[in-house]
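Below are two complexes that have subunit A in common, paired first with subunit B and then with subunit C.
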Partner chain A sequence: MDFLRPTTLAEALAVKAERPDAVPIAGGTDVMVELNFDHRRPAALLDLTRIDELRTWSDGDELRIGSGVPYVRIIEELGAQLPGLAMASRTVGSPQIRNRGTVGGNLGAASPAGDTHPVLLASDAVIEVASVRGTRMIEADDFYVGVKRNSLEPDELITAIHLAPAAGPQQFSKVGTRNAMVIAVCSFALSLHPGEKRVGAAVGSAAPTPRRARDAEEFLNHALDFDNPRPLLDSVKREFGELVSQAASPIDDVRGSAAYRKHALAVMARRTLGWTWQEFLTEEQACA
Partner chain B sequence: MRVNVTVNGEQRQADDVWEGESLLFMLRERLGLPGSKNACEQGECGSCTVYLDDVPVCSCLVAAGQAQDRSVRTVEGLASGDSLDPVQEAFVEAGAVQCGFCTPGLVVAAHDLLERVPSPSDPEIREALAGNLCRCTGYEKIMDAVRLAAGRR
Partner chain C sequence: MTTNFGTLTPAELTSAVTGGIGTSPQRPDGNLKVRGEFAYASDLWHEDMIWGATLRSPHPYARITGIDLTEALKTPGVYAVLTHQDVPGRNLYGLEHKDQPVLAVDVVRYQGEPVALVGADHPETANRAMKRIKVTYEVLEPVVDMETATQETPLHPGGNLVRHVPIRRGDQAPKADVVITGRYEVGMQDQAFLGPESGLAVPADDGGVDLYVATQWLHVDRSQVASALGVAEEKVRLTLSGVGGAFGGREDLSMQVHACLLALHTGKPVKMVYNREESFYGHVHRHPAVLHYEHGATADGKLVYVKAKMFLDGGAYASSTPAVVANAATLGVGPYEVDNVTIDCYGVYTNNPPCGAMRGFGAVQAGFAYESQMDKLAEALNMDPVDVRVRNAMTEGSVMPTGQVVDSAAPVAQLLKLVQDKPMPAPMSADLRQLPGGVSNTTHGEGVVRGVGYAVGIKNVCFSEGYDDYSTARVRVQMAGDELTAQVHTAACEVGQGLVTIMQQIVRTELDIEKVTVLPMDTSIGNGGSTSASRQTYVTGGAVKAACAAVKAKLGDRTDIGDEVIDETVEWRHRATEPLDPETGQGNAHVQYGFAAHRAVVDVDTELGLVRVVQLDCAQDVGKALNPQAVVGQIQGGSAQGLGLAVMEEIQTSQGKVRNPSFTDYLIPTVLDMPPMSIDVLELADPHAPYGIRGVGEPPTISSTPAIVAAIRAATGLALTRVPVRPEHLTNT
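Moving on to the complex of A and B:
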């Protein structure tokens, strides 16, 4: 096995072009587990932790977050601008894991249970990937293509995540057996986009890939009156929960049954809708 | 491969390191520092917690090569000479140690918490130690130890 240690992105891309079999490693929270248990024996490891460009984020009309920014920094530095992503990041593993793990790693592993995926989908994130051939911008919706499979080419590296600062309330909800060190039984993210009078909603750990709940989004886009917001009818919450549940195609596995996941998704959808809409109402009243 | 790393303030060199090896394995088996414990090897239990460039991490999830030219502080590096760190003292006094396997990781995690938050609330202690599993104590004595150490700082 080779251990490759580029110090610039250009160098890393050249290495990846030459050695497409090299497995990128940043926080190591997924890759090292596979190595420790001998589930994987790659020809080379490509250490990304020495590349400063990947460990920075920048402001603007939209935020560009380097793929190597660890969860702890998303929580501490970006919580106000990206509440949904920060909430999901807070549920990742433990302090030790959040100190090392990165959204780039979440995307690279592309586990259907990855905590940040539903937020990236609900917030219309765009994934920036690069190779010596150039840079591609991939919408989160097109990024996840199968169980632990993403749309990266073998010579590409994930370089950044682009997303707009929250323009409205956001929520993330996750079911697990305890509050820490839990892989999601299922998870759900909801983002209100009041300027565009629409919502983003996505489920995690309840289908072969993280996925948007499109029918549920459509339903809310019509049911919610962003111009004259009023308290929600229970029937709207129930219908939304039902549509979110229908968007999932979960399986029975060690973490939970398909039936439980469907039920829990409907509950999380109802609750997060209640919370986000209440927050929106309160803000609107404060402005009025 | 060869790895050069500062461990507990000392420049160290490890040879014949396998490229897929963890920092934990290198510390224990090549550098003679068995304080950090190897239990789950998947970041679940926190027994291998060390500081890497002043940030607590699971050393089983750091590739040894990633520690090249970086600074590691293990549980062995907390005491100064013969005098234990206040966190270590408090663990002994509070009876927070039973079988002792989780203790090194908990001591490092608690040490880091008190560096950042000198007077933590109980929820803050629980949150900070959420990545460290203990199967003996039921955690109450560990909570006592952290409160005791915080009171003495």
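Moving on to the complex of A and C:
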């Protein structure tokens, strides 16, 4: 097995074009598990950790986060601007995993249980991918195409995630059967976009891919009055929970039953809606 | 060559440590383990060694119709590929019944059963060669239901019943004011020790073999290895290597015979290390159980009778099932006085993973059931759950269902009162880390209900039923410079429980010698017995104490003995026990009883079915705390293991196949799951035991689980008859 260690993005893309079978490795927290369990025997590993471009983030109208920025830095440096992503990052593995693991790696693995996916979907993230042929911007919605499959071409690398700083409250919630260091049984993300008078809602670990709960979003877009916010009716929360649950098509597996996942998603949807809306109300009142 | 404590020399091992019994000197392995410097068996290394690997059955039950080794043998770098035909001695081993093949012959009875071995120059080569072995199987319908197993296809010549222990005491047709029945299930728990099975076998010039290995019982390993190799026991020499936890899972053989076979066949040192997944297949687990109970009581809560029918799933091979069955039966009513008892406990063969020893050993399964019943009784009588227990609590002088009189302290009521009187934890916190779900952010308090539960348990200490249970210790005293020094040698395994420190403390106290070196534990000395049944401090501690007395008789009050060497070896036995009557289960079968009580406080997210144990308090009588810090460590660890069984730990099987052989999906408690504990340690000396001690390791594992489940019941009002309790049980999904 070759271990390729480019120091610039251009070099890395050239290598990837020449050797599309080379497996990129960022934090290695997925790749090394696969190698250790002998699930995968790549001819080459393409180490991305020496490429500075991938390990920085920049400010602006929107944030551009290099694919190799580890979770610990997202939590510490971007928590205020991206509360949803920070909450999801905070639930990933253990401190050791958060020191190494990256959002780029989460996207590369594209596991339906990856914790950042629902947040990226709910906050309209765009994934920047590059190859020697050029750069593509892929909406998170179009990124996940199957169980552990994404829309990358063999010669492409994930270079960054673009997303707007939170303009409204965001929440992420994840069920696991242990109080820390646990793969999601199911998860849910909700972002309020008050400027556009709409919400983003997405489920994780409850379908072959992470997915948006479109009907639930539509429902809330109509049900929430962003201009004249009032406390929520229980019936709105309940209906939202039902629609989120219906968006999922989970399976029974060792981590949980399909019925439980549907149930839990409805509960998380109700609760996160309550929290985000309450936060919005409080902020509005503070401004008024 | 590495020995028990990494690269430290014996002199360094003792240097930092002082203190006799009743103090808590620092353990020699503690800092090394925390820093990641401790040498475990998986770190063993030998010049020119090769690597062994095990080909295992993918099927829970199948006939082997052919094994083709041709391609595997052709793999460059392969030294040997072995099957049952290459086992020179007896191809059967086992702790109690020799029913388990070293390598499968014509049938495999569980998924993961070893079929062939490869020895190669590199683990990767061994792996590749293993994949080239062609085994053809005729897959058979597995037997998986413990309650019907005895009526199904016999998996062994004698049928599928491993052992039935009946207990008949008092009136067999009793009447009671109140009758409570229940059916309970206990899932398959794993020891989940962190250091996987590993060892190094080095062929010796005399045709024998030296084996360095992580185990719980050197001598019983040795006799099983020698029998399989067909060599005299003296030619098999075992030395304990660094052990990364055991909890019963290392009582049975894993790679011991395999590595020695490869070493003798190739003439090369052979190292074997299981990875985590293989480890799940490589050792026995805790017996899953189905337990049917009926309790009869008077209207004021006095137990009149207990009837129980219990099934323990032993899986494909017997292992220690017979003794586990006896424990579940004899301890089946719990630490209560009950005059009329009818118990039938069955251990059976199935094609599920083999089950054997795990901390608590039969008492855990019964404990979950009888304590659940006590809560149900309290509810039916509208009594406080502690009161109903205290009302029936056994005391010194009580009679067990076996007829045995409990002849030392049995402070059951006192232990319960101690945990009941402890301060309650602060009310529910707003800190996410303190809420069910933790930072996964599932609740900010919504749906969360607090519950409190109690449980108390009983465990036998040491080996039972007439077993000749002893340990051998050698103490040697000589001058080093102008100072007396001592060496202690035993074959009793340090598996992380702290025996090395305990032995040093005993010698310091008995001989008033500060410098005490503990020699590597090996088979060049007599049997030390198993590191199980909470027995090593009792039995090996007793042997070391006795050896010190023999030394003292020669040493007298001298502090300078010149060139003289005083060297005494003593075999020490606890008092004898008796077999159980096969029809009535009567007999003085146990040496000593240990008791612990827990109070659990939990917060349950009743909508999501997530649990956070907020506080878990324990009171336990240990007779005498030889090392108070080690005692507390055992209580914390045992309680944590009980917590795991209560809310998360289970090897899930489907038609005999393990569905979660990894730490991704076999979850054990993290620091955010295990709450702070307040622990009361009683020291009510047992006059029959050295220093009055009472075995510590297992009792806390027994009461922890039912206390937590009782607390969850109190919070939810649900019946919860199965552990581990899953979110599905709490949300009815």
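Following the convention adopted for this analysis, the second predicted complex is superposed on the first by the 288 of 288 C-alpha atoms of A that agree within 3 Å, B and C clash if a C-alpha of one lies under 4 Å from a C-alpha of the other, contacts with A are read in each partner's own complex, and residues count from 1 in each chain.
Just so it is clear, a contact is a pair of C-beta atoms (placed from the backbone, for glycine too) under 8 Å apart; a residue touches a chain by one contact, two chains touch by 3 or more.
Only a predicted model underlies this, so the values are computations on that prediction, with no experimental measurement involved.
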First (subunit B), second (subunit C), both or neither touched by A:N36: both
Which of subunit B and subunit C A:C287 touches, first, second, both or neither: neither
First, second, both or neither for A:I183, with subunit B first and subunit C second: second
Touching partner for A:A80 - first (subunit B), second (subunit C), both, neither: neither
Partner chain in contact with A:T91 - subunit B first, subunit C second, else both or neither: second
Touched partner set for A:L45, first subunit B, second subunit C, both or neither: first
Which superposed partner A:Q171 touches (first subunit B, second subunit C, both, neither): second
Subunit A positions touched by subunit B in one structure and by subunit C in the second: 36-37, 94, 179-181
Touching residues (chain side subunit C, partner subunit A) in the complex: 127, 275, 277, 436-444, 446-447, 607-610, 612, 647-648, 652, 659-660, 664-665, 667, 669-673, 726-728, 731, 733
Subunit B partner contacts - residues on subunit A that touch it in the complex: 1-3, 5, 25, 27-29, 31-33, 35-37, 41-42, 44-45, 47, 49, 93-97, 99-100, 179-181
Touching residues on subunit A, where the partner in the complex is subunit C: 36-38, 87, 90-91, 94, 171-183, 185, 254-257, 259-260, 262-264, 267-268, 271, 274-275
Complex interface listing, subunit B residues touching subunit A: 1, 18-20, 22, 41-44, 46, 49, 55-58, 60-63, 65-66, 68, 109, 127-128, 130-132
